[in-house]
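Structure first, commentary second.
Per-chain residue numbering starts at 1, and chain names A, B, C and D are given in the order in which the chains are listed.
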Amino acid sequence: MEQIQAVLPEWVEASRRLTERGKVAAYIPELAKAPKNALGVFIVNMEGDSVSAGDCGLKFTLQSISKVFTLILALMDHGEQTIFSKVGMEPTGENFNSMIKLELVRPGIPFNPFINAGAITISSLIRGDGPIEKSARILQFFRHLASNDTLDYDLDVYRSESETGFLNRSLAYYLKENRVLNAEEDVEDLLAVYFRHCAVKVTCGDLGRMALVLAGDGVDPLTGKAMIPRRHVQIAKTFMTTCGMYNASGEFAIHVGLPAKSGVSGGILSIVPGRYGIGVLGPALNDKGNSVAGVDLLRRLSHAFDWSLF
Amino acid sequence: MEQIQAVLPEWVEASRRLTERGKVAAYIPELAKAPKNALGVFIVNMEGDSVSAGDCGLKFTLQSISKVFTLILALMDHGEQTIFSKVGMEPTGENFNSMIKLELVRPGIPFNPFINAGAITISSLIRGDGPIEKSARILQFFRHLASNDTLDYDLDVYRSESETGFLNRSLAYYLKENRVLNAEEDVEDLLAVYFRHCAVKVTCGDLGRMALVLAGDGVDPLTGKAMIPRRHVQIAKTFMTTCGMYNASGEFAIHVGLPAKSGVSGGILSIVPGRYGIGVLGPALNDKGNSVAGVDLLRRLSHAFDWSLF
Amino acid sequence: MEQIQAVLPEWVEASRRLTERGKVAAYIPELAKAPKNALGVFIVNMEGDSVSAGDCGLKFTLQSISKVFTLILALMDHGEQTIFSKVGMEPTGENFNSMIKLELVRPGIPFNPFINAGAITISSLIRGDGPIEKSARILQFFRHLASNDTLDYDLDVYRSESETGFLNRSLAYYLKENRVLNAEEDVEDLLAVYFRHCAVKVTCGDLGRMALVLAGDGVDPLTGKAMIPRRHVQIAKTFMTTCGMYNASGEFAIHVGLPAKSGVSGGILSIVPGRYGIGVLGPALNDKGNSVAGVDLLRRLSHAFDWSLF
Amino acid sequence: MEQIQAVLPEWVEASRRLTERGKVAAYIPELAKAPKNALGVFIVNMEGDSVSAGDCGLKFTLQSISKVFTLILALMDHGEQTIFSKVGMEPTGENFNSMIKLELVRPGIPFNPFINAGAITISSLIRGDGPIEKSARILQFFRHLASNDTLDYDLDVYRSESETGFLNRSLAYYLKENRVLNAEEDVEDLLAVYFRHCAVKVTCGDLGRMALVLAGDGVDPLTGKAMIPRRHVQIAKTFMTTCGMYNASGEFAIHVGLPAKSGVSGGILSIVPGRYGIGVLGPALNDKGNSVAGVDLLRRLSHAFDWSLF
């Protein structure tokens, strides 16, 4: 940790320069307000020691990062056999919101749980009596993992996504047409659950804390509590490695080599298995939708400290 | 007409045999009930003389055939420049409900007004204060063209399409995402208009009568009344020739060579310009979604009487 | 003809202005040399009277226009059943050189005889003992139709296409993999035939004369000689209408409404059935690969003289 | 190793039963002759101790497994910057021989070095004065890695692939059209190199020995000799994990979680980093083109001995 602490502030500033080349997501006004040049990182080890640098105090919404944990919750609710009858296991090579693959591949199930079509399907599998209860279970699970009972929705982001999320509605109806979603599934109810878990507000610290449970293979190393079955963590880590960074996942595997999941708000959750939980925020995105400075910072760290799984 | 009358009953029976090879559309129960072996045809000339054969008394819903007339009404409401800023002019080579082309082609507007995405866009362009008034204007226009004030909806078909039309909802939201539809457009209101004009119930006689106005280049030859500007008929006839028979339009042009539009109920509206309006019904469909016996019958007639435009 | 003669020079100059917006094909140096602002037109009627305007003396290579006549020759060699077992009848909505459709559509045969994959397949069907004899038969047929025994290859264009035509080689091997081409077919021999018939040098006058035979449904109106069976002309005219202008064929049908075929050299062959053969040259192409000024001139003429088939 | 030895014979027999569900590759007669029910495995550790079971004596051709080592040789010849200017780093979700992705993705470079288009591009980058010398360098590299100077081509397989490999020719010309291959590159020369390295004949023992060098991060643990820079092994291992098992790579990562590469002959090379080199042969393939019994055997082993990277 000391070695990391020694270089972290300088490297954050070096990576921060790349934010000039990126763009903050602007499809809803709430995201567009994020500070373009921000970059923050929080790293915590299995003993609970942590280092941080940059803009760590900023709050942002989980967006696609939430898909890691709804996948895990759905796995805990149903087991892997049921989940994999509804979503596939393959990277797509396409944009996260593409419809092409849904059409071309038999039998029409989403390629993996991290593309939007897959994540919406996963949201439909969360147990609960109605959308309110489902959302409550998800939020409770996130709070539990983050050891932070104050985690809550950014309601402005939620409302804005809900008002403009036409592509997700299109995907949901497409899934319904193809019976990946049940005929009884109400699309608006389902998307309310989906948009809500995407709109949970966190800091880099929360991200790092959630990541630490994954780094511990499902056991929180700070409390010793078993929170997720190891096999479900393994599944999540595998998807994070093969599909976690949109259609730059292959490139991230070559350059960084860590399980990670990014979100359109500029957050990245990553882990060094058995060693660290990592939370990063850098709202300026590259053309693949990943934090341009965040990816660069993780590349520096992985290279210097030989963190790659490979 | 006498020559046609002489052969029509025999040819209907010959073509009817092909119904064995086809399948009645079954995605909603109301369509599945249609008699598989039915085949009827009605031909009317510019003097109002008509011949018919087979199951001409049957009623069926217009389905995609209605797209010809909503296109014309939208052209009359806005002029061709506005219409062609919203939909393209090209055949697709894809299934009528494909989403692939919407994604791949810049700037994302539907390829033509006869694929579902295009027809939904056209429905959004019909003038009227709300969905009720829009539907009323469309129905009035159809009645006017058919000289039949009793034309009305098959409400069972309408409700059934409305309950199960998830793909059309998916398309509509996709169009909204891409701003082909306005942000204020309510998808359910729009689809109510769309599903209603698809569910208008007609006979072969009604189809033939509507076709006759097109054969007369927009002037009803039986009343002398100018009902549609000639240019708008020309546009409709062109699309009927290049895209009227789903992705078998090219084949139909080679084998029959007439402007035509088919629907999933097994109806086909066709014209011999300046001479005949034609209505056909044969619910058994081939694998491209066209009436298998209806296409065969039109092929026989076109070949024998040298009707091809080409 | 007098009416046409009266307006033609002025309209040629008006359309010529559009050449500024176009680009001369530049993928081989021989095409890039064509004068960008050139525009010429030649129109001949069934009595042999002709009018012309603009740069009618220029020579250019047939390129894709040759596909109309190799299709006809293959039809005359084998009959339509054999031909349509090897190529389809549908417009594609894709670029003429696309490979996507070859892959996605079962059973993998080219969509139509005018896309490159289809035209290469057609070239393989021309009878003849080896590529030299096949080419000789094709050239003889072209000379016959143009009533011009001096038609010959532009060998610089031929060699240049042959040296750089990697995409056509790719298509040919793809067709061979899918057994659309026989295993014994030598790709280089086949492409020699294909590149040669694309490189036949003509003037607008030659184009118009060849078109006149099509306008006469296969009988040369000036000699009374039957040169092509009427059904084969009908097939060619149909494809010219549905697929003759690359993926702007639908737009051309709406705006002009005549059977036509364009080539990358800027030539367009068109007909007014029963009335005129038309040859146009305008090397500046629009983004769909058609002569920008040529299309505009045909649109003016069709509109003013009500030539549309529709 | 003792624990593995204790279960290996029984598990081979259990997995062997799955061969009934698979199919031996039959596109060339030489592959079709492989014994459908064969299954063999060889595992060697860093001390050189090995265990084996089943049909380990069989010889087979490397096919796509060779792509791992030509990638490494090309990396050693040029460095990663040059290589990644020619091929991408992303999984495709498509069949290994698909052309769709080549067309759709800018700037048209192959998605990754393991799809055929990518591997052909890699073969073009191997240094050497002409195809003979390039092939000699590749074969020498393979022999070196396998510590087996008798490795050689199966010339029947080579000739047969060369005679029927039309799709690879199509891909190569497509790459040439798009300048991924240089204009001077002779496609037949290039494919001779490619088909030859696919036709190198090995046993499971050879595969396991080659894998052992990768397990040792490029240092042969049995000789201590540094054979490959560690970074190039890391790149290879990453691609083996994300794209090594065709479009079932994601599924393999979830179920097995090891770097691996399969070939159409039924071979699989896999590694447990730092511990084992593994060679498997099972000619019966599943519908994704991987050895059905081989994948099952690796799944059993990985699960029982907790080998997954994740």
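Basically, contacts are C-beta pairs under 8 Å (C-beta built on N, C-alpha and C of every residue); 3 or more make two chains touch, one makes a residue touch a chain.
Quick caveat: nothing in here was measured; it's all calculated off a predicted structure.
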Same-residue or different-residue interface between chain C and chain D, half as cut-off: same
Chain A and chain C, separation of their C-alpha mean positions in angstrom: 54
Chain centre separation (chain A, chain B; CA means) in Å: 47
Touching two or more other chains - residues of chain B: 104
Set of all touching chain pairs, with the criterion as stated earlier: A-B, A-D, B-C, C-D
Residue ranges of chain D in contact with chain C within the complex: 98-100, 102-104, 166-167, 169-174, 176-177, 187
Contact footprint of chain C on chain B as seen in their complex: 88-94, 101, 105, 111-112, 234-235, 237-239, 241-243, 247-251, 253-254, 257, 259, 273, 308-310
